[in-house]
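Some notes on the structure that comes next.
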Amino acid sequence: MLEASQDPRIKLLTYAELEEVKGYVGNFEVKIRKKARLIDETRCTGCGLCIERCPTFTSSEWDLGLGQRKAVYKPFPQAIPNVPVIDSEVCGHFTTGLCSVCEKICPVGAVDWNQRDEVIEERFGALVVATGFELFDPSLYGEYGAGRIKDVITGLHFERMVNPSGPTGGHLVRPSDFTEPRRVVFIQCVGSRDAERGVPYCSGICCMYTAKQVILLKEHIPEAEAVVFYMDIRAPAKGYEEFIRRAQEEYGAIYIRGRVGRIYEEDGKLIVQGTDTLSGQALELEADLVVLATGVVAPQEGDRIGQLLALARDDYGFFTELHPKLAPVETMSSGIYLAGCCQGPKDIPASVAQGSAAAGKVMALFSKDELESDPQVAQVKDLRCIGCFKCRDVCPYGAIEEKETPWKKMVARVVETVCGGCGLCTATCPTGAIQLQNFTDNQLLGEVESLCLGWRRESAA
Amino acid sequence: MSGMEERERRIVGFLCNWCSYGGADTAGVARLQQPTDLRILRVPCSGRVNPLLVVKAFLEGADGVLVSGCHPGDCHYVEGNYYARRRLELLKRFLPFMGIEPGRFEYTWVSSSEGQRWQKVATEFVEEIHRLGPFAGWEDEG
Amino acid sequence: MIDKLKEAVREHLEELELVIGYGEGYDPLHATPIFVRRPEEVDRLLWNPLCVYNLATYLYGLKGKKVGVVVKGCDSRSVLQLLNEGLISREEVFLFGLPCSGVLDLRKLAERVDVGRVEEVSWQEGKILVRTREKEETIPLEEVLQDRCLSCPYPTPLIYDVLLGDPLPPKGENEALLRQVKELEELTPPERLRYWKEELERCIRCYACRNACPLCVCQDWCAAEARDPHWISMRDGVKEKWMWQVLHALHLAGRCTGCGECERACPMGIPLLRIRMKINAELRELFDYEAGVKEGERPPLLTYQVSEPKIEEPKW
Amino acid sequence: MKFLKREDIPGLLGRLSERFRVYVPVKRAEVVLWRPWREGVQPALEHQGTEPPKAVLFPRSETLLRFGCERKEVQVEETIEAPPTVIFGSRPCDARGFLIYDRVFLDEGNPDPYYRARREATTIVTVLCLDPERTCFCSTVGGGPLDEEGSDLVLLPLEGGYLAKALTPKGEALLGDGAFVEASEGQLSEAERLRERAKMEPLLELDGIPERFNESFTSDLWERVSQKCISCGACTFLCPTCYCFNITDERTPEGAERLRNWDACMFYHYTLEASGHNPRPTKAERYRNRIGHKFSYYPSLYEGLFACCGCGRCIKSCPVSLDIREVLRELVSYGK
């Protein structure tokens, strides 16, 4: 991130949102909403005095509620750019109107109470969508007690705690009493592979991150015991199987194939009830901490992004690639590419690979002065076109533009590089002015006619 | 196959390139037996099938017409078959009013992996057309 | 109402390039569209049950000009539909709305009097008086109004700039129009084909049905007359005529407001409105849709829903 | 003079059908059409046909030739078909329509073999008009309700039947049928009385109309009179004198055929050129052409004869009630 922010040819806009996208490959016109930070980026030196002095605390989103942050804050220490943001929902200046501590303390006068969102317009040749993922909400599994029982946490909570800059300073503790856990139960497939209550697919990353957390646990608290409930171990990539074996054999994690049916609190302990499906035995374990490996789900925001960019989404909300095998990075919209989990669950190496591929696709696109496109695109006969624009109403690609003819008539024009070649326009056009090349009306009529005339000739003979 | 010993019927099938054409291919590769009455015309998408193409086939002497595309939601072109579904449904309800018996025109969805399903669709549709007999509506027309 | 209309036209004529209304036709039984440009022409305007024409038909051809047009309830639906499809713009039309209690079906009248030799027509409350050389007939209007008027759901224009007269309530149930479709639905499909072949055989392919239609905006570029695409051959067979009517019907699906101009315009008296009625009924059932009644509504075949509650899954 | 009793007509038509294709006006729904006579069909002789009988001699679509390719040889098949035909029950205006056709299709320099063959094989039996409709204006354009020109046999309606008069040998030949009996003195004098009553004065004087047309050519008159026209082909297709056609090829199971079809100058496509240019792009130019052809171009080619028979079908059948008589009125007073 730091490296990217320092590249003169990269403009990094954080705390910003896509507002509107028009145009097509090579010519996207994009409106971006830069949200108001209430701090003037051009002045702020990132000294952090304001954060230090701010008297207002609130729960930290970054730490998933395990810790607190100030009303003026940076989401995490390495955040780029190194400029804090004022949370006007909690900031005393807005809630009571009395506090102006940060404004007074700021040595460069960067606090700007009147700053407003700014909409900027930029032109781009290509777009890469990398909007990431969200984690499954484990409270939907009421029997696990997530959100209700303090010591039932998710893998991400675990990550925050073992992080040296995290809310516990890198110490793994039970959130209920801040004591070190002795026995930690990990439950995999929370939300994943459950068509009824979660999602039917395998999130693909939970086996590996659970194994990693098992190892982290043993390294932080060597005497702790790790018990993992799993459905199947899915570790197909390079070195993955060996990693799991290490967690089991070197670090002594106990892997139990089976599901947990219920977790409840008793005498400051957690009681985990489950089944070992290999032995067929019911189990009841005492635990100090339970870590849920929640699955990957598509971000809520995807709906809006999908509409803005005319991207298709699958049943689960992930963006659909152009072709599952042959074009896994491209989308239906020419010039728009996908990277990472917005396209489907994947781990870091796969995300990096897809990101690199998307970048490569963009480079390849930009390396040519002219675009090659499939000849199966629609074309408009200006004379026949009556300018009703029903083609534009139905085009899934937004490939139809208005054009004025030399005889001053508004007619449809197909942006060939954007046209996907489906022919919906041809089936819609009342006059037959717009014709999908290679599947024109007359070509199809010719096929029908030849077939039928042949039949009639045969039966006449 | 019962009732299909008589001479072949004239049946036109408009199949989308990405799903149903592939499905018919899959059926062929798997050597699933299919009636030979149905002649396939490949189109990019069921959304490309102007309902008038179906009408034209009847006009030129077809006994039955079938349109098959990707399952709704699986359209290669995202939404083509959604439009097709509306248009073809209307056509299906309208043709009998103009004098084409119900059953002579059908539309359905077959994915490229559904070879067996294609076999079932093709077989049952052809059987239905055999049951209806040749379309004699234009015989006095030449 | 005619005085109010004249007054309103006089008032707005200056801001308009022309006003399309009804005037006297070639005989006492015919009105005709007139184009008013100058104040002294305003007095030629006429309003009575002979004003059968849907003047919205002219609007698309006059795009770019600011045009006033006299509309009945049914005609206003055509205007609304043209607006909904973006084919005309609201700023360019000025609508003189007339609540209407029905217009004549001259073919029904022809069964009662010799319409070719009518000398005088006059009106009484709910009745028409027709005098020919031989006789005089008084006929209750109900008996000679168009079927669609007998059950008119929108006697008052749905969209207008000025409304000239008090709004009228929708007409109640009347079987006449529904019967047109039902009659055919009771036949078997081969019988229906025979019916259409018999009716369409006399079609002369003059395309009056198309050109009188306010929504048939393709006009000179209609696919029916094109070689590319070549949908219909130039042969005189009844199947070409049948194909044309199917093409016409499908191009109007979701756009037709049922104004009946196609049928009225047909010089051969081919019952075309029942085709429109059938498609409109199916669209109402499938998509709960009626053309030209809701502002901003998109024709159902130009949109879709991911799940279509009314469309059954295919049987295989 | 002979008399034909109304009740003897079916018998006559039956006998004629053995030798001829017999076309009669038939009422179907509320329109009157020209259809081949069949046993049981009641000819609607009391009505002017909704359509004229022109399709009998000049079909809406006719195959000029069929062609195909066999073993690299192009095969061409001629298709002239002209069986002996009787048109039974046309009106004087309808018969006059064929006279207008004759000058074009039987033109010595360039006769049309298809039309000529049919014309020669056809006998026209006309019913004279005693009670013209409000749209009739035959007497204005050179004809009249009792006009006998162009017919082979004319029938004058009388009580109980028709007084028949042959005008040509073809008509004479029909009179040989037993259905025609000698007319009585009373019938002859009644006929004279009716003839007197049926005379029809011209609506307006059309003298000088070709010149007025030329003067008005670039005026706004044409845009004005054609405003309400919706550019359909009802007027031309139902006109007994309109003969424009188009020729196209269509595929057949065996190969292809060349068709001649009615065309209408009111259609945009009629004059559309391959380049996309159209010399008559709007209905004003097209309507001007329709009037110009009938009242200026045609008369200048053929003895001052108007290519209009005043049947009034274009008025009656016009979807927007456009009245050609109004246009003629405007035109004769143009510039005055």
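In this document, chain identifiers A, B, C and D correspond to the written order of the chains, with residue numbering beginning at 1 in each.
Keep in mind that, in the parts below, contacts are C-beta pairs under 8 Å (C-beta built on N, C-alpha and C of every residue); 3 or more make two chains touch, one makes a residue touch a chain.
What you see is a predicted model; the values in this text were computed from it and never measured.
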*Between C-D and A-D, name the chain pair that shares the greater number of C-beta pairs in contact.*
C-D
_Longest centre-to-centre distance from subunit B, chain (CA-based)_ = D
_Length of the line joining the C-alpha centres of subunit C and subunit D, rounded to whole Å_ = 30
*Report the inter-chain centroid distance for subunit B and subunit D in whole angstrom, where each centroid is the mean of the CA atoms.*
47
*subunit A-subunit D separation of Cα centroids, rounded to whole Å*: 76
_Suppose each chain is reduced to the average of its Cα coordinates; what separation in Å results between subunit B and subunit C?_
36
*Would you pick out the residues of subunit A that each touch at least 2 other chains?*
383, 394, 428, 441, 445, 449, 453, 456
_Of all residues in subunit D, the ones touching two or more other chains_ = none
*asked:* Quick check: what residues of subunit B touch more than one other chain, meaning two or more?
replied: 56, 73, 79, 83, 87
*If two chains touch, include that pair; go through all of them.*
A-B, A-C, A-D, B-C, C-D
*Please name which positions on subunit B make contact with subunit A in the complex.*
10, 12, 39, 41, 43-45, 47-50, 53, 56-57, 60-62, 73, 76-80, 83, 87
*For the complex, which residues does subunit A have touching subunit B?*
312, 315, 320, 332, 376, 394, 396, 420-424, 426-428, 436, 439, 441, 444-445, 447-449, 451-453, 455-456
*Write out the stretch or stretches of subunit C touching subunit A in their complex.*
85-87, 217-219, 221-223, 226, 228-231, 251, 298, 302-303
*Which subunit D residues qualify as touching subunit A in the complex?*
251-254, 276
*Okay, in this complex, where on subunit A does subunit D touch?*
383, 449, 453-454, 456-457, 460
